[in-house]
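Each of the two complexes below includes chain A, the first together with chain B, the second together with chain C.
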Partner chain A sequence: MNNNNEIIDISNLDSILFKSFSFFHNFCITCGLCSSTCPASGIEEFDPRKIVRLVSLGLEDEAVQSKWPWVCTMCGKCENLCPMGVDITGIIRKIRGLREKNKIPGILQNGLEAAIKTGNNLSLPKEDFIYILEDVANEIKEEKGFEDFEVPIDKKGANILLTIHNKLVNTHTEDLKHWFKIFYAANESWTISSENWEGTNWAYFTGDDDSMKILCGRIIEQMKRLEIKSLLWPE
Partner chain B sequence: MKRNKVLIIGGGIAGLSAALELSKLGLESIIVEKEKNIGGYASQFACKANIKCVKCGACIVHEKIQSVINRENISIYTKSSLKDIKKVEEKKYNVVIEKNMDCDSEKAEISFSINAVVMAAGFIPFNPKDKPYGYQKFKDVITNLDLERILKSENILKRLSDNTLPEKIAFIQCVGSRDSTLNHLWCSKVCCPSALRMANLIKAHQNVDITFFYIDIQSFGKDFLNLYPELKKNMKMIRSIPSDVIEDENGKLKITYFDNTNKKSIDEFFDIIVLSIGITPNKDLNNIVDAIGLQINDFGFLNKSIFVTGSITGPMNISETIGSAGITALGIYNYLKV
Partner chain C sequence: MLNYIETGRIKIDKTILNNNRVAYHDPCNYGRKSEKLFGYGYYKEPRLVLDYCVPNWVDLYPSKDNQFCCGGGGGSLTTGYNKERIYYGRKKIEQFKASKADLIVTPCHSCHGQFNNIKKEYKIEYLKIKYLWEIVADAIISKN
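Let's look at the complex of A and B:
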């Protein structure tokens, strides 16, 4: 992005460029309420009003190449307060989606591609996944009152299908226990699918609608396969 | 023509000015005002002159009140309301006025007939209690209207909570205006000039830092445009509206905002915060609007017609209101003549 003393080439100013947006960004009255409330304001000199301005002025290239859309946490505080109802997170997602895939920052695109290819962000094989779940179940069994605990995998006709955030079968396996124990105590009928169990959907953050649909669709498929009506998708 | 009577609903600057113009044209008018005093909101404002007059218009109201009282063909009913109105024929209505509404023992009704009605019931100031700025929760968060009333009687502004002198004051503009979530899509037009003039008046009397949080300064009228460079000189002007106000344990008011110049999010503490609330439509008009065939627009203000005058048709300042009352009076005169 340009520094203070760099001059913007205003031949790029063309609000028509962003006309394909279905957002009412042109309603922005530049009040700055969004920037006052945003927890990420100031990081990398980012603030949401600037993003909405870039879009309103049609500076598409500048918006797409800027770091700013990637600073946002998608928390939605800004649009909650916006007096003109501008869909700020919608705009930011759309801009992210316009980036070339190989220029998406951090691990987002890698994780997403792994998920599309293998069913989860970690490319974790099915056997390993089941092994980890059963290992956790065995640890629970050792606790008093949980002696007959079993982790239900691919249980047809269960009441709830639970998706799993990949970190829970990676670095945070301890956290799985809380969920499992609550289900057990509540006598809930629940299950985990051995395939396409991934609960994160990084396509949401990269603004990639097509991939997002694929990942969501797979979870629906598992619900159909296992004849389950309710989904618990904690991410 | 001489026997024609005009009923004016509302004794604010609009109603008073209309009555005076009608009186000059030889028409008799009757003002019905629901409050104890005539003059409306404008009569509650401070004179903002420090070394010289800054043309805020507030003193004109007191002149108008005096002139109206001295005129023979203007009668005034205060603490009164229009209880009933019936159209008898073209240019003839029977009306019932309820007098002394606030006192059960003195309450009385009077009936008479009139030939035309002027609606001049003014505006309602926006109540910011539901905005996250702590109005009516933190004592030192006040509105511009509260400030007008304070500065009308006090030279020095003190904190309402502990009577101490403020070191830092913030003004937050556009509270309740330009806001689609409230269906208030209008700019209230009067709050930028009024707030800047008051801020300047405070600075003339006491040593205090004033910060102005605004979107853009709306300047209506050439007088204000000439004054603006002078007015903003002593103020810290921030082009951002804060999202909320929090009071800390020492009674200081915290505002978080994004500082465009330094590109940083800033927490700043103030002693007094003034919310510049705007003008909203007066929707409490019972059946009057229907009875005389007036139209309410999508925002709740009345559409302009010769029977409607002043800020009931939308935000306007005192001089614009006087102008609109002049047009109304002439319209009524022509209407009754034919």
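Let's look at the complex of A and C:
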């Protein structure tokens, strides 16, 4: 993170400075198991132990403005090995959540805002969504053994509600077919909601708990609206 | 899905992938993350599904809670840090090559996207990537 050898002021080091955490992380024994197992170690001098040190030392701004939390995939291999039980992926996600919204890298924040505003990351209107689903259903009908396949939309009282990853109604419509065919073959009673069908939740990635709650809550709302007890959320 | 197969609600033709060597990749969210958050990692169930559908499948090494991440998780397919993401994937490529598999199965959209993306970069285009539910759907014996 400090490629230009700029000097960081360490005169006020104090773990309490990292106020955004409700507990300290200065029990890390700096053994380095996390760094050794992390496939992202070495990317721009990142390794998980350094992040834990930043937090332990109270260097909140340095951690938040760094690229490091975003090259980590929060896969949890590090904390799985940690002998002290440091919640490393929790730390990473928390740091991500402290980044100013307009400085979140890539398309994450745009997608998330679209989802909050329109119900899906693509801002895809309801009629277009239904058109795509029915188009794919018609393709399945052409396959032997699936001639009377129908895609059930907003079916009240179905057993299972299926959420949809936005890429499946965008560039990967072929991949919609697999679950459709399994349900059909199993004679399952299932449905897709015409509203708030988005299965991805990019607030999980940006560390934005409020938005994450809104998106999860909307799926529960659909289950209530359609009187459905089980959810298949492959995302 | 496993329940559909075990109770006979769907019938499977296990010969579909006769000529493939299949390897299974555990997504972090099915394994380590699920274990941490909910107290149970889904390692056994996808492997049972594979037993029903695939005559010749192997585990990557290491696997389960020691599995290497695909490198595309945590939103990293969408941050724009692509060079870093591709570099991250080098460990998976080593695992894939060591397994001698020609088809990788995984039940995760991020892993699926990352593998398809990096296989070009590492010049292993022969490798096919499928969802776990895709190999089940492909193997269904139609009821009509």
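Rule of thumb we're sticking to: the second predicted complex is superposed on the first by the 226 of 235 C-alpha atoms of A that agree within 3 Å, B and C clash if a C-alpha of one lies under 4 Å from a C-alpha of the other, contacts with A are read in each partner's own complex, and residues count from 1 in each chain.
Rule of thumb we're sticking to: a contact is a pair of C-beta atoms (placed from the backbone, for glycine too) under 8 Å apart; a residue touches a chain by one contact, two chains touch by 3 or more.
Here the structure is a predicted model, which is why all the values come from computation and not from measurement.
Asker: Aligned on chain A, chain B and chain C: do they clash or fit?
Answerer: Fit.
Asker: From the CA centre of chain A, what is the angle out to the CA centres of chain B and chain C, nearest 10°?
Answerer: 70
Asker: After superposition on the shared chain, which partner residues are touched by A:M84: those of chain B (first), chain C (second), both, or neither?
Answerer: A:M84 sits against chain B, while chain C stays out of touch.
Asker: Have a look at where A:E45 lands relative to chain B and chain C in the superposition and call it first, second, both or neither.
Answerer: A:E45 contacts chain B only, not chain C.
Asker: Let me test your reading of the model: by the given contact rule, A:H165 touches which partner, first (chain B), second (chain C), both or neither?
Answerer: A:H165: touches chain C, not chain B.
Asker: Is A:S36 touching anything from chain B or chain C once the two structures are fitted on A? First, second, both or neither.
Answerer: In the superposed model, A:S36 contacts chain B only, not chain C.
Asker: State whether A:V71 touches chain B only (first), chain C only (second), both chains, or neither.
Answerer: Only chain C; A:V71 stays clear of chain B.
Asker: Looking at chain A, which partner touches more of its residues: chain C or chain B?
Answerer: C
Asker: For the superposed model, what is the least distance in angstrom between any CA atom of chain B and any CA atom of chain C?
Answerer: Between chain B and chain C, the minimum C-alpha distance equals 9 Å.
Asker: Of all residues in chain A, which touch chain B in the complex?
Answerer: 27, 29-33, 35-38, 41-42, 45, 47, 49, 81, 83-85
Asker: If we count contacts the way the header does, which residues on chain B are in touch with chain A in the complex?
Answerer: Residues 174, 178-182, 215-216, 239-244, 256-258, 260, 263-265.
Asker: In the complex, go through chain A and note every residue touching chain C.
Answerer: Checking each residue of chain A against chain C gives 39-40, 43-44, 67, 70-77, 79-80, 89, 105-108, 111, 144-147, 165, 167, 175, 177-179, 181-182, 185-188, 200, 202, 204-206, 234-235.
Asker: Which positions of chain C touch chain A when the two form their complex?
Answerer: 1, 4, 9-11, 28, 32-33, 36, 65-66, 68-76, 78-81, 84-85, 87-88, 90-91, 107, 109, 113, 131, 133-134, 136-138, 140, 142-144
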